[in-house]
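Each of the next two complexes has chain A plus one more chain, namely chain B in the first and chain C in the second.
== the complex of A and B ==
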């Protein structure tokens, strides 16, 4: 039995979200105090669990496959760490950023609720439980996208809500089919049943349903239409959470878990994921090239970068999966950095249009440095972290003899560099617009968060070898070893 | 078999209504249809002809119970999924009201400011 920290990672945020709403009625700063404390606690748990042994926690003491189990293995550890780290930094940033909004407590409650849902999705070992947590995270995010209640935000939120609901419904259909075939919703139990049975069209149909549902939540092309509307419309800390971790925790991670640990990675699905990834990488970056809205541009790059992750997953080799997980980790760091610094630029200048910015380097040195770090990381310039994970994905693609995917990945990387050169040229360099003469650097808390994320981007890049060996390679090996997952959950 | 096909027909009508209809309230109705059809699908999976309620009484014959009791798990799943559906429905209705306040219309084809 693993430690009680597993259920607490979900339970503490759930409790805290309710407390914020209750206490918030009497004291309007309740959220600004409770949210960073809650995320700090879950972050400490996540860091502590990194060193823990893999294991399961039986909810209510019911043994699997009858009860719900929470499973901690090396893949969940990576996701748990990155989700809680970005959540903590974003919530600290929000304390300063959200001051201009009304109904702050509702914001914090939804934010923490979304975190609870994501932690649940990452830890659960039960298909229906995964659906429930996924819906908690999704519904909270639907509400957060429309939080500004202006014309565009409401439109984007409604669009996201409609498409997200269809995806969730398809997931439930998939789960129902799996239950009908195997008589269980416990992932390991389903895996044991599936591995002993011949290829089956109904199972493939269920897997296609999962691919659609999680692909939409992950924003892969052709299911990406909501993403460039929804991610920029939310307030900056939420954009950072949505683009940084939500699309991974409720999109890519369950997709990996279900394809590899539960269904044992059938080739046809792996190929589908690979080509979805190639298309996403290309389409996302081409759509991003023409954008002048800074947050919209970054949202399109999320589509493109998720394409890289999908390429790595679709290869199905240990190096490919490890590189994909590493890229997922890096993307969470630099994309949240980019969205948070875009938020700083927006709240200082009052616009998201790149053409109206310019010369901000002198007025906002820290934010500019952070924007530059994030841009160089996502563009894959050594020694920043994005370079190594992209290089590893390309190497893995060449070793798996997928030359087209490798070529596309390299080509997209160049276009990403071009696109972010544009961001830096328009926003940081050039002549200062007269109306920004009296601009000041962003508040201390926001600047501290940006600095921490920048240092992390550089640090992970410099010590990439250490991170690959200690975290990502074991995770990839665990994913490929289906028998070990089954014996850990059912036997333990 | 026919009931499953009819159920899938409801599902498809729901999805069509949610995507293709332009009126916000019709979209909401489509969403409800879609979710109910999936709930019905789950119930159909656990259904047994002439089944009995899955509550094991002390004087119940176990063999008879195992033979005729309906599967209780899908019913538990459906309860949860109905509650989730209610949450989504409430949020969607709230969105529709807010959109109407801003745009003064329920027609989704006139609510188009985002593009590109």
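== the complex of A and C ==
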């Protein structure tokens, strides 16, 4: 039995979301107080759980496969840490950033609800439960995308809603088929059945459904089209959450979990993921190159970077998976940093068009430094974190003899550099536009969050070896060891 | 000794951090700026000392530990080679001189804490590259130096700055990605990156590709065609003090160092690749010098010459002969000297006259005497006029080409040298000779004082000394590479059957000049009469309302000197907009990529929900088809 922190990681945010709405009726600042506290608590849990033994928590004391079970293993530890860390920083940032919005408490409630959903997805050991939490997170995110209720935001939210719901439905169909075949929705139990099953059409159909559903949530090409509309439309802290962690927690993570832990990583699926990754990496970065809207550009890069992660996962080697998880972690850091600094630039200049910015390094030194750090990290420049994870993915691909994927990864990293060079040169360098003469640096809270994330980007890069050894390599080994997962959950 | 190696890296690194922390404070900015300058000067001087000490410590290895990346690991170590130590020494020297210059050039500029920090960090990164004993640290510090360069160019303050910084980072980034990929491949297949443990015979096909991928990074850094285009842009957009230090001097050292090391230590060039490299060098030197002749902006013109000179180095080193390689390295050093000096001079002109547009300059020889003579020496040196150092190294490169039996390439190289001279006639005419435009007349008060004059004079003197006594430089380089040069002595430079005695030649030239001067003075030439301009007895101005002629109509600016090049049969078609960057692959590739990939993809993203849904469904169908064929193949 693992610690009670597992259910609390889901329960506390759920409760807090309700409380914010209730108290918020009377007290306008309820959310600004409760949200950071809630996320801080879950972050402390996540950090504490890093050192905990892997284990399961039986909801209501019902043993699996009959009851609902929460599973903590080295993979969910990674995700739990990433999700709650970014959520905490984004919620602190939001305290300053969201002041210009009305209905703040609804924002915080949705934000915390989305966090609850993600924590649930990451921890659950049950397919149906996964679907439920995934829907909680998704629906909260649909609402958050349209939160600004302007024309553009509503349109983006609607597109996201339609595509996302179709994906969810497909997932439900997939889960139903699996349930029909195996008579269970407990992942470990399903895995036990499936491993003894000869290849059959129904199972592959279900896999196709999962690939589609999670691929869409993860923003892989050709299921990505909602993402560049949705991610930029949300307020900056939410963009950071969506691009930084949501696509991983409800897209990539379940995909990894189901492919490796449940279905035992069949080669054909791995290959499909690999090539989806290659296509996403290339298409995403080309689309980003043509953008001048700073947030949209970053959103396209999310597609491209998820491609990297998919390449690593698709390689199926311990090094590839560790590299993918590491890159996922890094992407959460630098992409949230980038979206938050883009938010600072936007709220200071009032525009998202790069061509109208310029020379901001003189007026906003901290934000500029943060933008540069994020840009160099995502572009894979040493000694920042992105360099090491990209290099690892390239090396893993070469060692797996996937030379095309390795070449593409290197090529895309160049184009990423080109694209973020554009961001830096248009926003930070050059002559200051006269209308920005009176510009000021962002408020303290926002600046602090940007600084923390920048330091993390650099620190993780400098001490990448420690992180690889203590977090990502064990996670990769656990993922490849399906039998261990099964025995841990259902004891045999 | 080990600690000395690490000091070449961490001392500048730490000093840079201190400079960075000394942010702009109102009231104390002047004082803080002095602290930063002084710190940079002291550290540069210390690096010179370290380089000197390391010269005697060849073979010392400093191990930093092991780098592990997944299942791969490699030692990270720094090893002193003779060549590397020479490079460290010169890094310190160039840093020292350019810092003296920037003391005035950057006075009062914004973000000076970043400026000095990045300069110092660049020194550290360059030292690490020169001493790297494994490819991992080499690649990491190499990329760092590029990022620092991006930052430094970004500190420029004109409308071209953002474009220049961006282009630099992208072009160099392209080359570095290629190198990184090659290094990753070497690591994955060989299991180590320690230079001494690698063996990569070029008889294996993949190794040729690896060689080319690494060489791309070296050539891009040195600014060789076709990866040169960032150099002219950087020269236009960046602060000239940084341009003089990095793209003009340090990046040449780094690029050519890597080129030499990779070509002759790591891989051993085959005949075919040698020829390929020589051709790259020859093309580079000709194309760039033609472009240089057409430039209007002094800094851009000099930058094109930097590209052209890099062509000589590659040409010499590519010959694979002792004299050629030594000549190439000698030329690298010479170019770093005079090109650095020329840029410093250009920077001084930029600050004092307010422009580097050749059209607007003129007559500065009278106003900036302290700058004129060194600039004259640099111009002669770069054009390969004896007895300056540029001649000595070019002579060796020619000899190398003769030995390698490539007479055609030698002719091309000589032709390029002639064009260089032609181009510098234009520079000298436009900036230092002729009448002074009125606005310059008022503005320029002198050479700008010690900070501007001292560095260029030092460099000019070194140019003369190394020209008169080439053995001073040739011997250390020969020692570094293990070549025996028994025919090189104080008075004579001899390779094979070729000899060259600089002192004798200088003496004869001097004699010739003296004779000519006596002849000149004996005639009436020195007693000439000076008067104001007049035509038909009328002086400039207006006469009864008619505009007679004025300063502008009588002036001959040098910018039009070689416009006929644009009319030549083949070039006429290639150079319709030469100044806009013909020969610039960066421009073509970005345009091509835009129209081939970016725009079509953008058209597809039209924001229509049903289209988006359609692709997703098509994707799903494809997945299902693949899975089904897979299933059928299994069941069979």
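What to note about this one:
As a convention for this text, the second predicted complex is superposed on the first by the 491 of 492 C-alpha atoms of A that agree within 3 Å, B and C clash if a C-alpha of one lies under 4 Å from a C-alpha of the other, contacts with A are read in each partner's own complex, and residues count from 1 in each chain.
One rule holds for everything that comes next: a contact is a pair of C-beta atoms (placed from the backbone, for glycine too) under 8 Å apart; a residue touches a chain by one contact, two chains touch by 3 or more.
Please read all numbers here as calculations on a predicted model, not as lab measurements.
Ranked by how many residues of chain A each touches, chain B and chain C are led by C. In the overlay built on the shared chain, the residue A:381 is in contact with chain C alone; chain B does not reach it.
In the superposed model, A:98 lies in contact with neither chain B nor chain C. Once the two complexes are laid over each other on the shared chain, residue contacts for A:179 go to chain B alone; chain C is not touched. By the document's definition of touching, of the two partners only chain C reaches A:406; chain B does not. Once the two complexes are laid over each other on the shared chain, residue contacts for A:425 go to chain C alone; chain B is not touched. Once chain A of one complex is fitted onto chain A of the other, the partner contacts of A:225 are limited to chain C, with no touch recorded for chain B.
Touch criterion met: A:296 reaches chain B, while chain C stays clear of it.
In the superposed model, A:132 makes contact with chain B only, not with chain C.
In the superposition on chain A, A:112 makes contact with neither chain B nor chain C.
On chain A, the surface touched by chain B in one complex and the surface touched by chain C in the other have residues 155, 158-159, 162, 166, 228-229, 290 in common.
Only residues 11, 15, 18-19, 24, 27, 31, 34-35, 38, 41-42, 45, 73-74, 77, 80-81, 84, 87-88, 91-92, 95-96, 98-99, 102-103, 111-114, 116 of chain B touch chain A when the two sit together in their complex. In the complex of the two chains, the chain A residues touching chain C come out as 155, 158-159, 162-163, 166, 170, 199-201, 204-205, 207-208, 211-212, 215-216, 221-223, 225-226, 228-229, 268, 272, 283, 286-287, 289-290, 318-319, 322-323, 358, 361-362, 376, 379, 381-383, 387-388, 391-392, 394-396, 398-399, 406-407, 410-411, 413-414, 417-418, 421-422, 424-426, 428-431, 465, 468, 473. The part of chain A that touches chain B in the complex is made up of residues 128, 131-132, 135, 139, 142-143, 146, 149-152, 154-159, 161-162, 165-166, 168-169, 172-173, 176, 179-180, 185, 228-229, 290-291, 293, 296. For chain C in complex with chain A, the residues that touch the partner chain are 67-72, 110-111, 139-140, 143-144, 147, 150, 154, 157-159, 161-163, 165-166, 169-170, 173-174, 177-178, 180-181, 184-185, 187-189, 593-594, 597-599, 601-602, 605, 607, 609, 611-613, 615-616, 618-620, 623-624, 626-628, 630-631, 634-635.
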